[in-house]
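Just below sit the structures, each encoded as structure tokens.
Look for chain A in each of the two complexes below; its partner is chain B in the first and chain C in the second.
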Partner chain A sequence: MTAYLRALAAEWTKFRTMRGWVAAVMIAAALIVGLGLLPGLQGSCGKHGPGSECVAPVGPGGEEVTDSLTFVHQALTGDGSVTVRLTGLTGELPGEPGKPRSGLVPWAKAGLIVRGATTQGATYAAVMMTGSHGVRLQYDFVHDVAGRPGGVSADAPRWLRLTRSGDTLTAAESTDGTAWTTVGSARLSGLPATVEAGLFVTSPQHTEEVDVGLGSGAMGGPSHATGVFDRLALAGGWQGDAWKTDVIGAQVEHGGGAGGPGGAPDAPVAGGSVGPAAGRVSGAEREGDTFRLTGSGDLAPSIPGAAGVGVTITSTLVGTFAGLIVVVVLGAVFVTAEYRRGLIRTTFAAAPHRVRLLAAKATVVGGVTFVAGLVAAAVVVSLGQDVLRDNGVYLHPASTATEVRVVVGTAALLAVAAVLALAFGTVLRLGVTAITTAVVVIVMPYVLAMTVLPTAAGQWLLRVSPAAAFALQQASPAYPQVANIYTPANGYFPLAPWAGLAVLAAWAAVAFAAAAVVLRKRDA
Partner chain B sequence: MITVNGLRKRFGATTALDGMTFTVDPGRVTGFVGPNGAGKSTTMRVILGLDAADAGTALVEGRPYRALRHPLRHVGSLLDASALQPGRTARNHLLWLAHSQGLGARRVDEVLERSGLQGVARRRAGGFSLGMRQRLGIAAALLGDPPALMLDEPFNGMDPEGIIWMRGFLRGLAAEGRAVLVSSHLMGELEDTADHVVVAGRGRVIADASVAQLLAAASGDRVTLRSHSAEASAVLAEAGATVTRAGDGVLSVAGLAAGDVVAALHRRGVAFSEVSAHRASLEDAYLELTRDAVEYRWESAS
Partner chain C sequence: MIDIVRAEWTKLRTSPGTLALLVGVIVATVGVSAAASACSGTGCDADLPKLGLTGVQLGQAVVAILGVLVIGHEYGTGMVRVTLTAMPRRLHVLAAKAAVLAAVVAVAAVPAVAGAVAVSQLMLPDHNVVLRPAVGSVLYLVLVALLALGTATAFRSAAAAIGTILAVLYALPIVLAVVTDEEWRDRLRRMGPSTAGLAVQATTADAVTGPWKGLGVLALWALGALLVGAVLLHRRDA
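On to the complex of A and B.
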């Protein structure tokens, strides 16, 4: 048996023969599971009889999507192109009930679209002018290609064209209808021979962050946009003038779901707290060759958060921070308890290679917390989903890969944090000092970022502090083309999952190295 | 065998070790005595690789402690009997130590029995008296069946019964051929136990000798005589004694046994009020040796 394995066996025996330490691990796991299964979140999905279930349409990529728009279209077969001139795009934001404000949300969309069908979630490609992101080619909900920037008005209209050639749709735009610029092209596999093509307008949920004293929250509501089109023309193999209007996804599918678990309880919560804008109503009218479409909704992946609906599996892990506190205390005490009693001398007399001993301690405390975290996270992520759904909360399903990453990531977060706390304990020796340091450095940044800190400060903390590893729990990606409040409190972290873990691991590595150096230099 | 050679160590402005040199030979109990602050505990910590010496070497079987693969199989040590986690049972404390040396639970039960702790093995060490903790520390030192043992103040906190047990125990270990180093700040504790004594003071060795040598070196037997007679001195000198005045009416008589002193005085009709025989002890020898080395006289007197 190597010296390391002997030290490991000894440290494991030490750990399992202290009832308080074993209990601490159990408590950490119980906190994670318990807090996750007792969520305060309530929703209305399925709570109002048949038909109130929350079912989101599924896009071509299998992801849940939002597919709501005002669509003036006709069926067209084979290859061809459609061209239109956009002469106006205005909008309306939610305000005081009954008194909407005028204004255009950044991702309001008006333009041309070719869809495989009028059913929600159908494959599509669209070229559009947006509220403040210029011309875009978007297709199949998650893809976004930027064209030229700019706005649109009667004085500065914008021409848009969408051309089908087999499975490929090519988007072009022009300021004069003569000189055309290609925005990009999209391949839509499985696009039927006959498509529904035409004009569309939609305008996503408006959200704004509000700071209310110590808590920050978000408020908002549905917005509307109105696009004015003329010179609608078909070319190539396409022809016809049988335009009909559909408001796809007109009714609100998701009744449930608060914005997220974060934020102050009395802060305004996203979604629906402000009455719908009463001024404009979705629909289309035609006057000669001028089409006026008013729409509300979005063509985008369905997202949780302030601007979206529902929550993700991340919400089941709200107890992680509580478990983390217990775990970092354990990590620190695993070594400071020996300093307190002078037992460390007995330990070093039995295992004179101190760095090896520290590695053995780290393996034990990291291994134990990893296993406990893995079990707790697996239990709470699977059971917690049922609890949330039973409460009527709309829960975004996560892929198995995401679930595994969130569960294993939570375990890794706890384990590496415990090792970091162990290193603090080794350097500082005094239990109270080490515990305070570990909690302040590891847990506090997360708690602050989730509660009182302004978003920018919170995001900075979650980039540089050990709490960056909470990024491992993010279940839903942030889409640049979907306006949302991508804040930690809404389940969005500033770093990618594994980058977040790398930040924590770097802290642990540096602290471990420092601990190794002082252990070698210092008299025991 | 433990060899300490020229150890030097400073803690800030304080010189803890100033050329400490001695060896601990197998088959006997070596007492390591000296007043508090003499450097005994520091020396032991250096031997165990816990403290680094500024200069000098401390070797166990010719090797530095840190080079030992299974250190507890070479040296068993008891530095601080209270260095325990109160929540862990005696047996579990020994169990993790055993695992650190690749030993099993069976060895733990053996040493528990040998140190007389089998009855309390499954009780938490936090509830142990200091004497029981000392026994637990001894059990831990014995785990690896080491050829050398090093015990720092093992008599501390022991009741008389425990002290008698400890003395016999230490002698037994030496009789098994082990090298046993036992420190104490009270020489008396080592009387009848140590075969050899290393006396330390101010970080260095003051005396390193067998107990017999130390006693011989100390002033021999004396008789204290209380008499106001002016003749007493002359009479005793005539009888072959060396007489010194030790105070008003007090004479210190060397070279003559108490009975002979009484007989000589009686023969000549010299009046005296008290005769007391005074045998030199290890304690006297020690006090004489360390008189200059006592750094913390008040503490050591307590």
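On to the complex of A and C.
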């Protein structure tokens, strides 16, 4: 142990007294902070006087949500149920101005809903037919239970039923109105005695991936869906009022159109838009017992990305890869410089236990880059948020736990990458080859995935290459029930954060073991 | 001058790593192009000739190593002092190195790019071979090598030079991916050596910069690096 500490002290002295290496650490930190604070992103939040601040509704779980729908409802006190037959679900996608195309987005929704209130962000449970994901029970924005697949038409209608019993809502569906299948049930704590319940239709933002010069971008806009309902039947404590129509969350269209790969960091377009290009307009009509509802928007967590709004704290860390290049060069040179000058022979003469020496080197270079990365990431994540907000960019707030994971994760990414580069340097001995190998293996997969590669190839690279550890920087979860373009450029990585770090750590462990073996076997 | 070129050619020819690096250029370019051509689905069919030349993204790294090593290795071993004693006209030495390097890289880049085109032609039969992106890619690789040579001459250290080159080549595309301000994105794309230079591969309309204009930007970068290297080589101790 004391021998290891002596080796550690010797390596620390070597590192500390090389002006270029200390400068490299400073440069890496400066790149991470500097690139993060560059005024690259611009938005319009709060830039147009009072009322233009971007505020998203907050759901029951405290998360930001999108809550826009066309809602035909009346009050229900206590227990009760509502049953309806859905005979049609059609939609309209954004197209050329004035010429919308017909078509249904996969997560267009039409069905029954029970809400705690008509205000945005209220607790709810809903059973619905979707555009192409069959019957679903969804509640409180983030929960999604799959029912049977299938579509709906006049020839193949679908019955839906939602039953309240205390705090529990049970969803059922049927293809003939007699044989019922339970989809699932949801417990909504804090549901008031009197709730608003009835029919709803909504249709999320339509996005398609397009190739724009370097990398892929996204374009799209609001879509509309129309659901046709009949045979509405009520049971239980209904108040017997007339049906009321509300278009919740209706907003004038802000954005849409082509957005860059970074998404549209603009005002939250909460959906429910009445765009000038839209042939259909949100609202409801009633003919006898038939209700025809048209809606636009979504009932879902509000997320960043091409189909969502704003950015996350991940955007403040764009400089990481630049700092990573410097750190990787440093890690490789920390050992190849000794080979270049022949110092390695002196080092081995003084400390003959070669693997212990390699461990000491790894500790020094890993420790130094971890501390530098920690400071740089902490500074840029806290200051960068202010810069983005001052520029009018809508920034999704991150929980403290997420912020800590992103900051510590960035530091860990840099430290483990430095150790990996050190191992490459030990095996290859020649500085140029080691640096290039390290940059190509560690940094280039990230660069390629972020820019030129098609999404599938890029995601594969970010699963298997050391760059998988960039997953530590993901600040917003991906939801399967929200259609979005979940690409690295939008801040979504294919692996879970710590799984990503594990991939990098595995690379480092294998390379370190190889370095230890060749170091013992070879002449210096 | 012809003697200096012959001396540089002998040095490059007999260096143990040269052949491996040249083979590496070909393997990297063809291999990554083949991997990219295996893609199917949305976004893949936008610009097939460009997709088939994706391997240049990796090939340029190998070319940069070669460019850096041509002079960086001499500084590493102290050989540069022998070279400059034998051939005191330093600018002629740099010019000879540039000429030999450009020729050697071109010789490796032609089969690399041709192989990439052939492979993507086999895997994506509905794409037409377009001459300009292929010829432009060969010139791109030559210019990257010269940029690396100039940088290494200025830095006198192979390690620092290769780190800088790779940062310059790969940093800008990432910065661009997160800059959503259109004006800044266009400005940076027009100025970056790799982003502007690779515009020569685009066969779909590129509003930001023209293909040859983009390659011209990279040529300016290479020329600038060589000039800085030449001035420093002329004025400084080796």
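The rule we apply is simple: the second predicted complex is superposed on the first by the 491 of 524 C-alpha atoms of A that agree within 3 Å, B and C clash if a C-alpha of one lies under 4 Å from a C-alpha of the other, contacts with A are read in each partner's own complex, and residues count from 1 in each chain.
Note that contacts are C-beta pairs under 8 Å (C-beta built on N, C-alpha and C of every residue); 3 or more make two chains touch, one makes a residue touch a chain.
All of these numbers come straight from a predicted model, not from anything done at the bench.
Visitor: Taking chain A as the common reference for superposition, should the pair chain B and chain C be classed as clashing or as fitting?
Guide: With chain A as the common anchor, chain B and chain C both fit in the superposed model.
Visitor: A:T433 in the overlay: touching chain B, chain C, both, or neither? Say first, second, both or neither.
Guide: After superposing on A, A:T433 lies in contact with chain C but is clear of chain B.
Visitor: Touch check for A:R6: first (chain B), second (chain C), both, or neither?
Guide: first
Visitor: After the superposition on A, what does A:T451 contact: first (chain B), second (chain C), both or neither?
Guide: second
Visitor: By the touch definition at the top of the document, which applies to A:T17: first (chain B), second (chain C), both, or neither?
Guide: It touches chain B, and chain C stays clear.
Visitor: State whether A:R292 touches chain B only (first), chain C only (second), both chains, or neither.
Guide: neither
Visitor: State whether A:R389 touches chain B only (first), chain C only (second), both chains, or neither.
Guide: In the superposition, A:R389 touches no partner, neither chain B nor chain C.
Visitor: Given the superposition on chain A, which partner contacts more residues in chain A: chain B or chain C?
Guide: More residues of chain A are touched by C.
Visitor: Classify the contacts of A:F348 with the two partner chains as first (chain B alone), second (chain C alone), both, or neither.
Guide: Touch partner of A:F348: chain B, not chain C.
Visitor: Just to confirm the value: shortest Cα separation between chain B and chain C in the superposed three-chain model, in whole Å.
Guide: Shortest inter-chain C-alpha distance (chain B to chain C): 12 Å.
Visitor: Go through chain A and flag every residue that touches chain B in one model and chain C in the other.
Guide: 20, 337
Visitor: So in the complex, which bits of chain C are touching chain A?
Guide: Touch residues, chain C against chain A: 17, 35-36, 38-39, 41-44, 46-47, 51, 54, 57-58, 61-62, 64-65, 68-69, 72-73, 76, 158-160, 162-163, 166-167, 170-171, 173-182, 184-185, 189, 195, 202, 204, 206, 208.
Visitor: Using the touch definition up top, name the residues of chain A that touch chain B in the complex.
Guide: Residue list for chain A touching chain B: 1, 3, 6-7, 9-14, 17-20, 337-338, 341-343, 345-353, 523-524.
Visitor: Please output the residues of chain A touching chain C within their complex, sorted ascending.
Guide: Listed in rising order, the residues of chain A that touch chain C are 20, 35, 38-42, 208-211, 213-216, 259-265, 315, 318, 321-322, 325-326, 329, 332-333, 336-337, 340, 431-433, 435-436, 439-440, 443-444, 446-448, 450-457, 489.
Visitor: Which of the residues in chain B end up touching chain A in this complex?
Guide: Listed in rising order, the residues are 45, 48-52, 65-66, 68-69, 71-72, 77, 79-80, 82-89, 92-93, 95-97, 99-102, 140.
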